[in-house]
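Written below as structure tokens is the structure these notes are about.
Order as written gives the chain letters A, B, C and D; numbering starts at 1 within each chain.
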Amino acid sequence: MSEMKSFIEDTAGKILKDLSTKEQRERFEEGEWASSLWKTIQESGLTLLGIEEEKGGVGGDDEDVFAILRVVGKYAAPVPLAEVIYANQFLATHEGEVEDKLRVVHFAEESSSVHSPYKLRNVPYGRYIDEVIVIQQEGQQASYSIVNVLAGEIEKNDNLAAEPRDNLTFSNLGETKKLDLSFKEALEDYTKFLALSRVAMMTGAMENVLALSTFYAKERQQFGRPLHKFQAIQHHLTAMAGEVAAAYATLAVASASYSSDLGKEHVAMAKIELSANANVVAKAAHQLHAGIGMTYEHELHHFTRRLWAWREEAGNETYWADQLASLYQSREETIWESITHVKGEEAHAGSTV
Amino acid sequence: MSEMKSFIEDTAGKILKDLSTKEQRERFEEGEWASSLWKTIQESGLTLLGIEEEKGGVGGDDEDVFAILRVVGKYAAPVPLAEVIYANQFLATHEGEVEDKLRVVHFAEESSSVHSPYKLRNVPYGRYIDEVIVIQQEGQQASYSIVNVLAGEIEKNDNLAAEPRDNLTFSNLGETKKLDLSFKEALEDYTKFLALSRVAMMTGAMENVLALSTFYAKERQQFGRPLHKFQAIQHHLTAMAGEVAAAYATLAVASASYSSDLGKEHVAMAKIELSANANVVAKAAHQLHAGIGMTYEHELHHFTRRLWAWREEAGNETYWADQLASLYQSREETIWESITHVKGEEAHAGSTV
Amino acid sequence: MRQLQLPAFEFTEEQKEFRKEVRSFLQAEQQKGTFDTHADSWLSAYSEEFSKKLGAKGWIGITFPKKYGGHARSSIDRYIITEELLAFGAPVASHWFADRQSGPLLLKFGTEEQKEFFIPKIVKGECYFSIGLSEPNSGSDLASLKTTAEKVDGGWIVNGMKTWTSGAHHSHYMITLCRTSPQDPKNRHGGMSQLIIDLKSDGVTIRPIQFLTGEHHFNEVFLENVFVPDNRVVGEVGNGWAQGLTELAFERSGPERILSTFPLLEEAIRLLKEKEDHRGLMEAAKLVSRMWSLRNMSIGIAALLEEKKDVNLAAALVKDLGNSFEQHVAEVIRLLLPAMPRKHAEDEYARLLAESILHGPGFTIRGGTTEILRGIVGKGVISA
Amino acid sequence: MRQLQLPAFEFTEEQKEFRKEVRSFLQAEQQKGTFDTHADSWLSAYSEEFSKKLGAKGWIGITFPKKYGGHARSSIDRYIITEELLAFGAPVASHWFADRQSGPLLLKFGTEEQKEFFIPKIVKGECYFSIGLSEPNSGSDLASLKTTAEKVDGGWIVNGMKTWTSGAHHSHYMITLCRTSPQDPKNRHGGMSQLIIDLKSDGVTIRPIQFLTGEHHFNEVFLENVFVPDNRVVGEVGNGWAQGLTELAFERSGPERILSTFPLLEEAIRLLKEKEDHRGLMEAAKLVSRMWSLRNMSIGIAALLEEKKDVNLAAALVKDLGNSFEQHVAEVIRLLLPAMPRKHAEDEYARLLAESILHGPGFTIRGGTTEILRGIVGKGVISA
């Protein structure tokens, strides 16, 4: 964890609390790009996090990045910060330096014929971004090209939280550059990043769902008593608080180990956990809020719809459990050995010989 | 449903309430056969239910049989009534008449060589019965022989509820008679019967678990109020009551259709349901009873341990879901058509064309 | 516990034939493109045209007496119609409450004039009702209602506000529970009456409450000096609470408490069969088993209701278990067939998944929250 | 909510080496046949011989000061030992409470004489403690305790009865919460004190409470005019409630709230790998992910405790979630690998499944029921 973490966490918190308001999110859902919010984020340097200063970045490490993304989730900011950070990091790595633009990385579907147009599905914020870095398969290797979105056609498409996931079509992708990665490696790297981003964002969203619920349970009366005096309401609050604490611990461990050998396995477990518990939190909160929480008017749904959308993105429980099952099958060690990162002398801890 | 159903249900209820007491069940767990209970059951004719009078039975139909087995479960009677009824019905069908004995049907494992002993695993009440009707594979067909248990060796073995499921070994099985069924058909018929028996018995056990819980919630005070005034306790009671009502409805429908074309599919769904909900009821009851329900002294465990044991017997959820999945795959109709037993003119109700 | 012992009910051949007739009609309409299948269609899919078609078939108010245009058929026939409509996810929201609650209420407590005036129109699928119960600060505590009706010459002047009123923007009338005498702490449910308010009256303002999906099902209804003539009081003045309760059992245990997400389940099974995903079908089979079991309960209750038995406890249980099941369907299915759920997807599966998830929170809140139901049941079990 | 923000903790290389040392010892003992793996071993598997072996290794009271025979090592080292013992399902019930609660309590509140007398024996694995809290009519309402200690010359005379006392039939002492002044409705938790009762004293009668499995873990302890000398009062007279609470956070969030059924999970995964059951392993992977997540919480709390932070809220959450998880393991696994669960099966899987199911109800009851915990947490969340 870099020393600046709590400083930039506070900075981001202040910006987003002020600018990612309920009204801002509502305007966004009506089709208005959050330009001043994005401008402020850009000016604060957050889009260049995790990139060394000599490459045009502002420094910071994995933990800083995911700490900020938690804050993005907490305020349900309608901006593609995770995706832009990744794109900028990608260019810094592969081009050596980066200039800040509104861009995302996306993967072209395999082997389109030469004459058919290139279709990119579910591009985050496709209608608002300047550029897409399109990664394509080229033989054993991957290549990429930087494409101006204006050159393509946009078909609008939203996730459950009304976040743009647009389909873009390009007749050609222009000049390509080789990557020293296979297409699969490149895709896995992005999926891993996006998965932990969603974990961080869901952690933040859960935190705010709990805060909204706590507030409501204190304020609201029923049958002449404040809601929070009811055992059923206490149970809902406990269920939420439990998952918030679990999410925190999970995010902390997975971001600390993100770039280590354990990174992928931790991201897999973290995304399974957060995806599985997103609805534990959303359901309890809606039950606690009853009718009011089902209205567009109340902001609860800004967070619960994001939880429902994000749990499916970058692999849901099924996707990551599939990866883990293959991993378990491929190695000799016991689960206890994997969890503790210590190998015993015999193969089977917890099992007779 | 035969007219005698409610009469024999009452009769069985009286016998079992008087004789299948907590003390009787405890003596049974200590190794004492419930002989007077069994004698009374036999004398009442319950062991010959579902067999025509001319074949030595007392009449009655499927619904009568499963109605009585619900009562057996309700009083957790430590007797193999389901198994003996099936064995008697088997003999009535295949031998033309039946004399009442303590016997069960069991299936020999496939193709033992001529010289190796025959091993029967998990024979219900093996140590207490007189005879086993052993069904064996013989080419495409099945055959059976009636074996005196004294001729074999007994290795004692219990299920979670301390009901005997013994391993019996015989050096030979004596004279065999051909069946006009394949081994698979014979096994499926028995599994179907046993599965619905366990459904009926679990329904009865759940009923008593709810009754014990209701009693406790009324009697017991905590923090100066009766337990049932607490919302959490009301939730536990609701969870149990819901499953009891669902079990009743499920048992009613599955026993009414037991011998129809729908029989097997209904038994499959019924056993899935009861097995899945056994622990919903057991868990809620234990949570409600707290410490006292975990003691051997309190009789709650006579019922909850049976629920845990029976949910695994005659196929648990996994076994029957496997059967249903194959059934779905094998037929064209939609689920809605299967559930309603009405085929529409088009293939896909609930789906666009 | 006798109240939990539900019987098996077998549909007669005639009833099966009737089901087939309803289904064939729906299949034909679907093929013509009259409607798309939607999850939770009884709350969210409005079509006056479709309601009128159903009316023309005689399938609205089918149990109502012939003298008012009904068909005097059994509530089992009504059950069959309802099931088929929901399984197809057909647009039934317009006439839903008139058919389920308001019609039966008027037949039971209404005057001859009211029956003659309203029932024939309901039956034709031309006259829609909303239910005016909840108020902004009442939550689940309906005894705390504040909307008042004050006696004046020839009628009543109503003032107050109703909220969560489904379909008020489509309905012609609202059966409104009002306080006709001041609140009495000793009899919290006394002094309330049911008034039929013509939603086109002066003083009625309807404002949408946007659902979290952005859709419009619910409304706030403001009532400012609305005049309701004496002949639009339902039943007895002061007896509104008791009258309203009588229909609750039927409301709580109907197929709409089980089938809101059934279209998703059916579509998922179709896809799993296509993929020959045996393990996936096994998980789906468990959902089907649960649905079958809840349906057995629900039909058992319908059969007992036909015999005028008390089924309040069991009906509340169907609602509690059914609503959880409706939510659970989406949670299981999303793991079997991962997809990006989208409200406006062309892919039917992705759209039904989105509808099932977004409408999910409503299942356990509408018609009495889980918490309230469990309180009722808990007390019922203790005193049984 | 700051109290829910748990940090990542990384074990140092030295700590990993230490874990390896503990694990190698356990593997060797298991190979020698010293013990069989059991689910829920901290409640149910007693072995004085094994406890003494652990004592000889220096692994009981490892955090205790050297001056009393301890090793003054970190609570993280203790965490490692505990985890390994539970993952192996080793027989640790004999010394469990002395190591976890009574030792630390005496070190914090005890007199020098008490420390010198008890701690060295605890550390050797020779001196076992029980906790005398619950009483027959107290349930979760511990403030209603009725066991009294009356002041006499040179000590106290104790009368009353304790129940659910784990291991009293194996223990030498019981730390007993008694009422030393009459109940005051205004301060329900006042007037209580902790006394160390020698279980061999005159007037002590221990009767087994058979567990539902037939096993004997719990006891009723009858106290009839039991004399306790003044030097066996722990800490301050009247301060017993507060003293007892201090250790609760540690008790609530330890590995024993997560790992009670871990041996079953490990064995199941071994079998699924053997069968190459990919879909089964996928379900197991979700359980592993949950365990990992709860373990991250538990270790995060241990790290904060080492820094003397207040972790009461988060610790109660670990217990709530952990206990549910422990039960959930058996419910998932039984569907992946159907078997007839049996207490005395030779087949390890069938035996661990039986133990996990039969002990299951206890997980969410012991150490404060789910209902009580959720009340505590609910209040904590509201006031945070």
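We adopt the following convention: a residue touches a chain if its C-beta (ideal position, glycine included) is under 8 Å from a C-beta of that chain, and two chains touch if they have at least 3 such contacts.
Just so it is clear, the structure is predicted and the values come from calculations on it, not from any experiment.
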{"item": "Co-neighbours of chain C and chain B - touch as defined", "value": "A"}
{"item": "Centre-of-Cα separation between chain D and chain A, whole angstrom", "value": "38"}
{"item": "Rounded Å distance between chain C and chain D, as computed from the means of their C-alpha atoms", "value": "51"}
{"item": "Where chain C touches two or more other chains, by residue", "value": "279, 371, 374"}
{"item": "Chain B residues counted as touching two or more neighbouring chains", "value": "230-232, 235, 317-318"}
{"item": "Chain pairs that touch, as defined at the top of this document", "value": "A-B, A-C, A-D, B-C, B-D"}
{"item": "Chain C contact footprint on chain A (complex, rising order)", "value": "29, 122, 157-160, 165, 220, 222-223, 230, 232, 279, 282-283, 286-287, 290-291, 293-297, 300-301, 304-305, 308-309, 312-313, 316-319"}
{"item": "Residues of chain B defined as touching chain C within the complex", "value": "207, 210-211, 214, 217-218, 228, 231, 233-235, 237-238, 241-242, 244-246, 248-250, 252-253, 255-257, 266, 268-270, 272-273, 276, 317-318, 320-322, 324-326, 328-329, 334-336, 339-346, 348-353"}
{"item": "Residues of chain A that touch chain B when the two form their complex", "value": "230-232, 235"}
{"item": "Interfacial residue positions of chain D with respect to chain B in the complex", "value": "134, 139-141, 163-164, 209-214, 218, 327, 331, 334-336, 338-344, 354, 357-358, 360-362, 364-365, 369-371, 374"}
{"item": "Touching residues on chain C, where the partner in the complex is chain B", "value": "1, 4-8, 10-11, 16, 19-20, 23-24, 26-27, 30-31, 36-37, 83, 87-89, 262-263, 265-267, 269-270, 273, 276, 278-279, 281-286, 288-297, 300, 313-314, 317-318, 320-321, 348, 371, 373-375, 377-382, 384"}
